[in-house]
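Pasting the structures in now, so scroll down.
What follows is subunit A paired twice: with subunit B in the first complex and subunit C in the second.
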Partner chain A sequence: MTHQPLDPEPRAPVSRTLKLALKYGFILFWSAFVVFPFLWALTTSFKDANGVTNGATWLPWLQYQPSTQGWASLFGGPGGTNIVRPYLNSIWVTLGASAVSITLGTLAAYGLSRFTFRFLFFRNADITFFFISQRIMPPIVLAIPFFLMLRALGLLDSLAGLILVYVALLMPIAVWVMVDFFNSIPRGLDEMAWMDGCDPVTTFFRVILPNAVPGLVVAGMFCVIFGWNDFFFAFTLTFTQTQLLPVSIVALNSSVTPWWALSASALVSIAPLVLLAFVVERFLSKGGLAGAVR
Partner chain B sequence: MYRQKYLFLTPGLIALVAIILFPLLFTIRVSFSGWDVYNPGLNWKGGQNFSRLLADSRYWAALGRLSVMAVGTVLIQYVLGFALALLVWRDVIARRFFRVLFLVPMMTTPVIMSVIWRTIFHESLGPLNPIIRGLGLPGVPWLSDPVWAFVAVMLVEIWQWTPFMFLLLLAGLLSLPSEPYLAARIDGAGPVRTFFSVTFPGLAAISVGAIVIRLIEASKILDTVYVMTSGGPGESTETASYYIYIRGLRDFQIGYSAALSIVYLVIMIVALTVIAKLLVRFLVRPAP
Partner chain C sequence: MLEIRDLTHAEDGVTHLDHVSARLAPGTLTTILGRTGAGKTSLLRTIAGLLVPDSGEVSLDGKSWSRLPPWKRPTAMVTQQFINYPHLSTLDNVAFPLVRKGARRAAARESARAMLDRVGLSAMVGRRPSELSGGQQQRVAIARALVKQAPVLLLDEPFVNLDYKLREDLREELVDMLRNESGLIVLYASTEPREALSLGDRILLMAEGRLLDDGEPQQVFGAPATIEAARVISDPPINILPLTVGEHVAAGPFGAQDAGDLTRDLAPGEYRLGLRAADLRPGGRHVARVVLSEVSGSETVTHLDLAGFPLVMHEKSVVTHPPGAEIAVDANLARGFIYGADGTLLRREAPHGQD
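Right, the complex of A and B next:
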């Protein structure tokens, strides 16, 4: 897609230069704002107690003596928490809940996109809205009943309990993305398969699902982002057996915070999702997200 | 063969109803009880919790604070996100690099970034005050002054979620057809005129969607406040969610916090519905 410049007539060079300076000035200012906390965390992660209490410094060797204490603490070194177990827990819960949500959500979305349902006075649009509207629910409203529910099921402080709760959090996202996506796949495709004698289930798995991969990727991405980044339920529904990453890192945040361990573990925990930004940008620039957004 | 259609819908529907609807109904029942540390269990107290709530000025202050914070941050995010999307939309150096960079904050865990921000806002050891002093301004008591603490929380929210606006608006910009721009050029419309009569109307629907989604998410603000300020200093950054958290999970006034959450939920649903309807009416209109 090539676009013509917007200006209808050439402007005076001075105002053009000024405009360019403002444009790149703002872009660079915002880039600095975005990068600032990451750079700060990176440099802090190589400090020790002395490096931190000497005030805000940025350059290793020149301004402070670098130390690997923070990074060593990730694997059980002194002055931090071992985050290997929480990391694995977070991976299991995120992937487990995303997989269940996408499976159930995709099936429901296909049903809502292709067939007419009626329960009492609820029709398709109402059911779709019921799914999506669950995002409005503030976590705090459900925290106490979830706690009691998981206790009754014996799932408090367990991976399975968290996955169960996260499914409720993520399925609305999967349904939202996939209903739109299936609506954009022409119905003719289904009808052709039916005429060839496929029943709806076969049609879905053989014909529609292979065409729905881009939608599944977008839905999966959003599920992983929201699952990995949640804190509140992991915080209220687990104690010591099953800590997730955000909980174990926030636990470091006390009055005497080991900034070095905190920074190192923060960087390691956000790294996998930062890589997702590249995937999102690919979709964006190829126009693959426009359909999912509308 | 259409019997099979239920195979698609029911598993997901049943799962969601089981996981969310029952807890919600349970919360409604609990809100009529006096469940606390001394009397655990589902006794019946009628509307006592609700009349107590009406007189609870700390609750209403928290709701007011939340509205200011949510509406304020979302509007700033929208303006900044729109500006950034326009800047990297077409001819710009290293376009894809900046697009990736501008998306990064929304991928990071809010609560973990809040912990990092807390060290940045640290008055004597953090890096922010030296920069401000370098500009010749006095240092700022970021987390110990009521007003500045509120500003700090808002700054972090803006850092975290402007990328979301940027993402949706850039996706919208990239899906705009190019013919109206050609027509505007032929008509001799300048960039400002083109923006207001072509670009903005083309993005009105996405704008409303993006603003409403962000308002929904912002109305739940809790993590950032919990980590950065614990609602303080005093109660100056206490949001509705955080106040309910204190009553329910710190003081264990389960019944009262259930009543608080139900009222909070109803107010949010009503307010967001009204805002969404108003936005649709005033922003989404047929192009002139």
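Right, the complex of A and C next:
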């Protein structure tokens, strides 16, 4: 009697191997797609005028002679502008405006989510739409009224003026995100808090807000990204006293585009957002409300 | 004494409470029995202050609650949904109402720990609600309601979303726990007549926002005041047959000889006869067709068609009646209830016990 030799390890079907190869191939391609611009900016930031005109080179010392000219120009080096002050200004304006927008927007959103407002034919949904509708308008439409208002208030070319304008621009985002988030929190939770002795204000701070952290993080991210990246209002509402980072980066440009300085400034301008993304990532996990109402 | 006076509430043209009044004494467990949409939840929510009535008021020991918001009312509530605070541990969930009342956190946690021990969750104090099973989550909600020691406890179908066995177990546990709470006014909403009859000291029978009947379970079940009340409290459904009293007596498909003394001295006219499913039995001279037969536990409920009249028969044994089969049925009409044209009870031959 003969025995058929047993296959020691069944081979994976070809289609499965192909699927895996395609999957990892795509992941590699996408990673390269995302990482490549950063790598390009990083290498360029360490080049000088000669380095950037010699084609695509990646390896310092071997392919090009590294230079710190680009980075030095960010601190007022030759042909550069000191961006430390604008950088700090941007941080203040972005954080200040985001904090105020999130605070006011969250309170407004809770009201719109939980209470019924009626004025003529306006209802809650209309009010929510009004908040977000100003984002539909092109910025140029808003620029002139903002300019006139800040001038009347004596706040042109000031951090406070910029914060005020950004609050007006960012709060609709906060309201929009948070209304949606609060609507997803069961009203039963509010009512149970009432039954347990919380008035509506205590309910908001003790019960609803702790369960709204993922929403706050999302709204906060939107506000920070918009506030940090805005160029238009920072450019039109400031002159010489107050400058924000995006404006000062543009100011680096001269008759010869300083790619090394622009690359270095691009890297430092996105650094806070990348850092923020890593910090808040853990708050964005799903399932925060699991166990609230079953 | 909790007094509910003439409560009315309507929303979008639908009446949820229609002049509901009741007085509830301390130390009693009152079951509010009614089908879905009967107004049970509305009544509980109105007592809790979560719903503002169009008219009427709730008062405790003579003090009106009309101006008291929910967070100031001495009530505790457990709802159908298992509502807990997802950001707090089981222990802090139960301690929460005590902390809100001003207790020190350590003392509140100690009381919460003792209460969790009573509901059998002492091993789960550090877990979040999302890490508990449905039954455990509802135990946490019950513990949170009981730890407050509020004089009024509102239970809105607390076990309806649990499986059958767990529901039975938790109900028994709850009754045991409530026995130790003297002077508590408990209102328990339910859609299940059996639950209401076994649980409560008293039943408020509701339909379409109206209070149909109010009394002790034996009284409400034994002599349903109206056809509507009979329908709500009967499970399996009660048979309602047209009853003609004249030269001949006819109760639906059943004739005079079946009615016996039931119709004696009754003025000629049209009436309606309520006959419990348990008062129909197999055998006899009437042949009915089986429409549907359901076995539940050790009992069988069979839906029949007898000469065009739909009937329900309840047998306390497991019997197989294939759909479409023809079986002989007999009715004990002497145990029926006679209702007038307006649907109110006119005659009950003998007091009936609970099935």
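Details
Operating definition for what follows: the second predicted complex is superposed on the first by the 227 of 294 C-alpha atoms of A that agree within 3 Å, B and C clash if a C-alpha of one lies under 4 Å from a C-alpha of the other, contacts with A are read in each partner's own complex, and residues count from 1 in each chain.
What we mean here is this: contacts are C-beta pairs under 8 Å (C-beta built on N, C-alpha and C of every residue); 3 or more make two chains touch, one makes a residue touch a chain.
As the structure is a prediction and not an experimental result, all values here were calculated from the model.
Counting the residues of subunit A touched by each of subunit B and subunit C gives the higher count for B. Look at A:Leu18: by the touch rule set out above, it reaches neither subunit B nor subunit C. In the superposition on chain A, contact of A:Pro210 is made with subunit C only, not with subunit B. By the touch criterion defined above, A:Pro186 reaches subunit C but does not reach subunit B. In the superposition on chain A, A:Asp199 makes contact with both subunit B and subunit C. Touch criterion not met for A:Ala32: it reaches neither subunit B nor subunit C. In the superposition on chain A, contact of A:Ile270 is made with subunit B only, not with subunit C.
In the superposition on chain A, contact of A:Ala251 is made with neither subunit B nor subunit C. Counting contacts as defined above, subunit A residues 199, 287, 289-290, 293-294 meet subunit B in one complex and subunit C in the other.
On the subunit B side of its complex with subunit A, the touching residues are 1-2, 4-9, 11-13, 15-16, 19-20, 22-24, 26-27, 30, 80, 83-84, 87-88, 90-93, 96, 98-113, 115-120, 124-127, 129-130, 159, 167-168, 170-172, 174-175, 178, 181-182, 185, 188-191, 194, 205-206, 209, 213, 216-217, 219-220, 222-223, 227, 241, 244-245, 248-249, 254, 257-258, 261-262, 264-265, 268-269, 272.
On subunit A, the positions that touch subunit B within their shared complex are 1, 3-8, 23-24, 26-27, 30-31, 33-37, 40-41, 44, 52-53, 55-56, 58, 104-105, 107-108, 110-112, 114-115, 117, 127, 130-131, 134-146, 148-149, 164-165, 167-168, 171-172, 175, 199-201, 204, 225, 228-229, 231-232, 236, 245-246, 249-250, 252-253, 257, 259, 262-263, 266, 269-270, 273-274, 276-278, 280-281, 284-285, 287, 289-290, 293-294.
Looking at the complex, you find that subunit C touches subunit A at residues 48-50, 69-71, 75-77, 79, 81-87, 96-97, 100-101, 128-132, 134, 137, 144, 148, 161.
On the side of subunit A, the complex with subunit C involves touching residues 186, 188-189, 191-199, 202, 207, 210-211, 287-294.
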